[in-house]
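Multiple structures follow.
In what follows, chain A forms one complex with chain B and a second complex with chain C.
On to the complex of A and B.
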């Protein structure tokens, strides 16, 4: 008989899938890069890349120091989650903000919104969004005005309209100068309080094919990372291919934004524009990268669907009646708080459980 | 072959069957010394019938059945009893064993062979299966005669032969179905006769077309199942084959079904048709840490070390040695443990294959919820369990967990979900007992 050897004891299962947290986070980072490239293309290095870098570096550094102070393993600072938070925070800032704004926002996101709750997996609220909400409350002017008109790297001298309306279509709008420098959603919101025929003319231009195309490509004003639906979608497809993105949340959210955008997003009932609702503002960024933040959203299949649906509803309500033109971030923040409740009431049906339907 | 049926949830671990699936079963001569456990089955251990120094013959009953949920134990060899002692066993920390020095492996039928078993009454057949010490060969080792004796109020109308073999690496059932088709088919008919059922299916995963074809060719109604873990778990198999759902906390017979492993069927055939007690089984020896993986027909009591040697010995850095497959198998600290009736495989994993022993925080990705074949939310149960919230763990269905390991497998943070849920189960059961008392 061979000499007895000693082996490791452990609980089953003894094998694991190749997917791990770090890989998930790094995949998300990769998926966010096309949008960054777009931001550089439309707003230039200094105004887009710089705040993003500052934000990411701050996030990782803040994570590192928090872990140091709490005497936890510091290599967790490199698990990728802080990079994701830093990126998302910066993507929600207007281009060209002063360098210290992302420092404050990112620092707040990591220290207060994440680590104070116990670190990765324990925070209830999406740190990047809470960081943004903090900046909105503290520096409202910096956060909501001075929108830069995008240009194309290849032709830096000619600018696009921040509203996304093609320049050649502006003559159809009486007194078009008044809407220059405003984001598409702001223009939409203002149109409701304009004189009737003028409001109609504005909305007709917002709902034109030329505007849709501009919004989809990113030729419009907006936050650093939210403007190009196309590039965000590219990242989302990458995540689906990598098996990281769970589609229930984004689809129910974007579907709900379109649905309620149509029902209550217009001047009257059923007069809204579903396509504009999805393309304008930050819902594509929000739908694929923030509604999908795993930690702060439900784990159950129906919880995910409901989360997206309700967040979509709240987004439109804020857009139409709230104090801000965009409601994406706040809708997600509000729903984050409802996550434990959703998890509890949407428990899946246990195999063989009677009187409860799947 | 019909369409591929399955259950909802589950996962796709790397199958790694190619290591051993084409290696024909090799009969391993009994080693010089064997160690026969008296508690190879679930239930009370058998009571030893021999003493140190006694001579035993092959097939002799050396341990007597001890209550209804128990089985007799037979000596797979002729020889001399060297010792009666407690020793480490693959499926539990330790238990009573009988050490025998082998002198011969010769011997014929122990019971009267019944080639015409259908002329015997179901009671006689069940009694023979009991006397031969047959238990579930798929791993759970539940005494087969108990499963064949449903209470009168349970009407069993369906027998499912379990040839899913969904654990990675393991190929013993696949080889059995291909090489001993007649034993499996005879056993299937014997079990159907004992239960008095006419609806009989054999469930085989689609990755074993050879086995499915063999059974089909021999007259079985084969249901081809999707390759997905845990396709061979009883409740999932029943759902896939019959569409019926075993109620929470219930047994297969509650929906009129009995599931038997293909290895159990072959053992029943040998017991009834050939008059042989259950003393041998096919064991897959595989894993990245094995030189020449293969399948072996070994007598119970053969040590893991002997089998590993027969498979060419260890290769590379083996960190973990398992009894059974990598999803539900039990880690062994030594290879000096003996094969039992329930040992379907011995898997030696290298550090590249084995799951690391550290876990990260739950990032609430919900993958475990999507994957749990029982429809549980493992992350929420384990979260409750980590804070000793036994009541909410119970409400979330902790007792329905079958410890299949799918959740931990898919978890990106490699959470020890099965471990936490098992702890919750123990606490919940204990508090239920104390409330009843």
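On to the complex of A and C.
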């Protein structure tokens, strides 16, 4: 039996971590699955699962061909990052889009936003969100209309409003037909241009407990994967337990959305509704799965907090005064571009380094 | 032989857009349709040829210290000519090109050729260089505009070539400003690949 050596001589790095790309990505995919199940439950197989599958397959295939053309190791296409991109892109599409829309969006996300910049770890902006921005600019009609009211398979006859307002509360709003078929944030945005008493009635219903519950459970119109806050939170908790998700980014982002939603999100100063701001739109999906993209967001603790804070501010500004009802994706894209700057400004002092005025 | 080289230099080897990457502003902004590309290309070519000739003819009389203002005066003269002629005879095109016609005055290709070529060469060489650079610019505009118009509108020179199914739902981004930058990146990439192949073969 050989005597154990006192010193193990080896090159650095000496500290290794069980976390690797594939494990992290598979955890993220797992965490996204409850929302997919919810989408199938609310919108049916054809309208939700089909775009998701098409998007994921396209993303992986595009990644494979890009790596092939660039003569890089092709097994990197199977590290799971393309699957996550494909999933997140599809989660940002309205249910029931034509099959070629996720193909184009997913292909663009991988080829232009990711591989053209050098592949995983080198892309400046979140590929899935850039793919969505590309689709928004190219096919605005397909991307912003045709919102489906969700149904539940146990009781197909039961009916929900796309706005998330409980059906029995609709009579409190004068001329309620005019707001049917619109997402909660669209209704909120329209309420600012309605006559005063109607706008107030609409906002009172949007800020009611019944609406909060519907929004949280996913009984509302919206993109495939963004509707159910509950199922997204389940995924997020799984990620936290697995040690993949660090809570600084999501909490500062969601907190900032709530804060600015309260301060400037309403008709006047301090008249907004913080809870509605967080529950409506894609903020929960964005906050837990897109703001937290490791490649395109800051690595320093204060950088992360600033990133979330500013992104939340931009989200609310776009919601209140921008051209679109939801600003989540654009706010994250804008902040992605500011990431190197944030990292530089918030660089922590190295242990032992002496400050300028010390 | 060298005359021939003066003429063909701008076509490919020193193509103002894809090689020297000058004049990006009108190139990116106006390559939205082939019609615009033809209009902008011919206007710029006209100015390029005659400013080259004028500057080269007077190169020995222009004091060195104030040469740039002198170039601008020549160029502005020809641009005003183009502007007025276009406004009089082609009002729709004039309207489509808008501010970019007066902006030819500060076009980097024209100033660049004046400073780098016409200033040092004979009138005949400068004339040929003007033609070559102008044609090179127009060809680049045509290439980019063809890609963008076909992708973003389904048409080429206003003729529907991809069918109604496509034109009702085109990739709008291609004719929007970000599309210009993205496609420019891809075209430059293709040129880089062609060059590398050539180098390897040589």
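Points worth noting:
One rule holds in what follows: the second predicted complex is superposed on the first by the 338 of 358 C-alpha atoms of A that agree within 3 Å, B and C clash if a C-alpha of one lies under 4 Å from a C-alpha of the other, contacts with A are read in each partner's own complex, and residues count from 1 in each chain.
As a working rule, a residue touches a chain if its C-beta (ideal position, glycine included) is under 8 Å from a C-beta of that chain, and two chains touch if they have at least 3 such contacts.
None of the values given here were measured: they were computed from a predicted structure.
Within the superposed three-chain model, A:348 lies in touch with chain B and out of touch with chain C [touch as defined at top]. With both structures placed on the common chain, the touch criterion links A:171 to neither chain B nor chain C.
Contacts of A:75 after superposition: neither chain B nor chain C is touched.
With both structures placed on the common chain, the touch criterion links A:14 to chain B but leaves chain C unconnected.
Once the two complexes are laid over each other on the shared chain, residue contacts for A:122 go to chain B alone; chain C is not touched. Looking at the shared chain after the overlay, A:104 reaches chain C, while chain B stays out of its contact range.
Residue by residue along chain A, chain B and chain C are tallied for touches, and B comes out ahead. In the superposed pair of complexes, A:154 makes contact with neither chain B nor chain C. Under the contact criterion defined above, no residue of chain A touches both chain B in one complex and chain C in the other. On the side of chain C, the complex with chain A involves touching residues 169-174, 176, 178, 182, 185.
Interface residues of chain A, counted against chain C in their complex, comprise 104, 112, 116, 134, 137-140, 142.
Interface residues of chain A, counted against chain B in their complex, comprise 1-2, 4-17, 19-21, 23-24, 79, 81, 119-122, 246, 294-301, 304, 343, 347-354, 358. Residues of chain B that touch chain A in their complex: 7, 11, 13-14, 31, 33, 168, 235-236, 239, 245-248, 250, 303, 305-306, 308-309, 313-314, 318-322, 326-336, 347, 349, 353-357, 360-370, 373-377, 379-380, 396-397, 400, 403, 405-406, 408-414, 416, 418-419.
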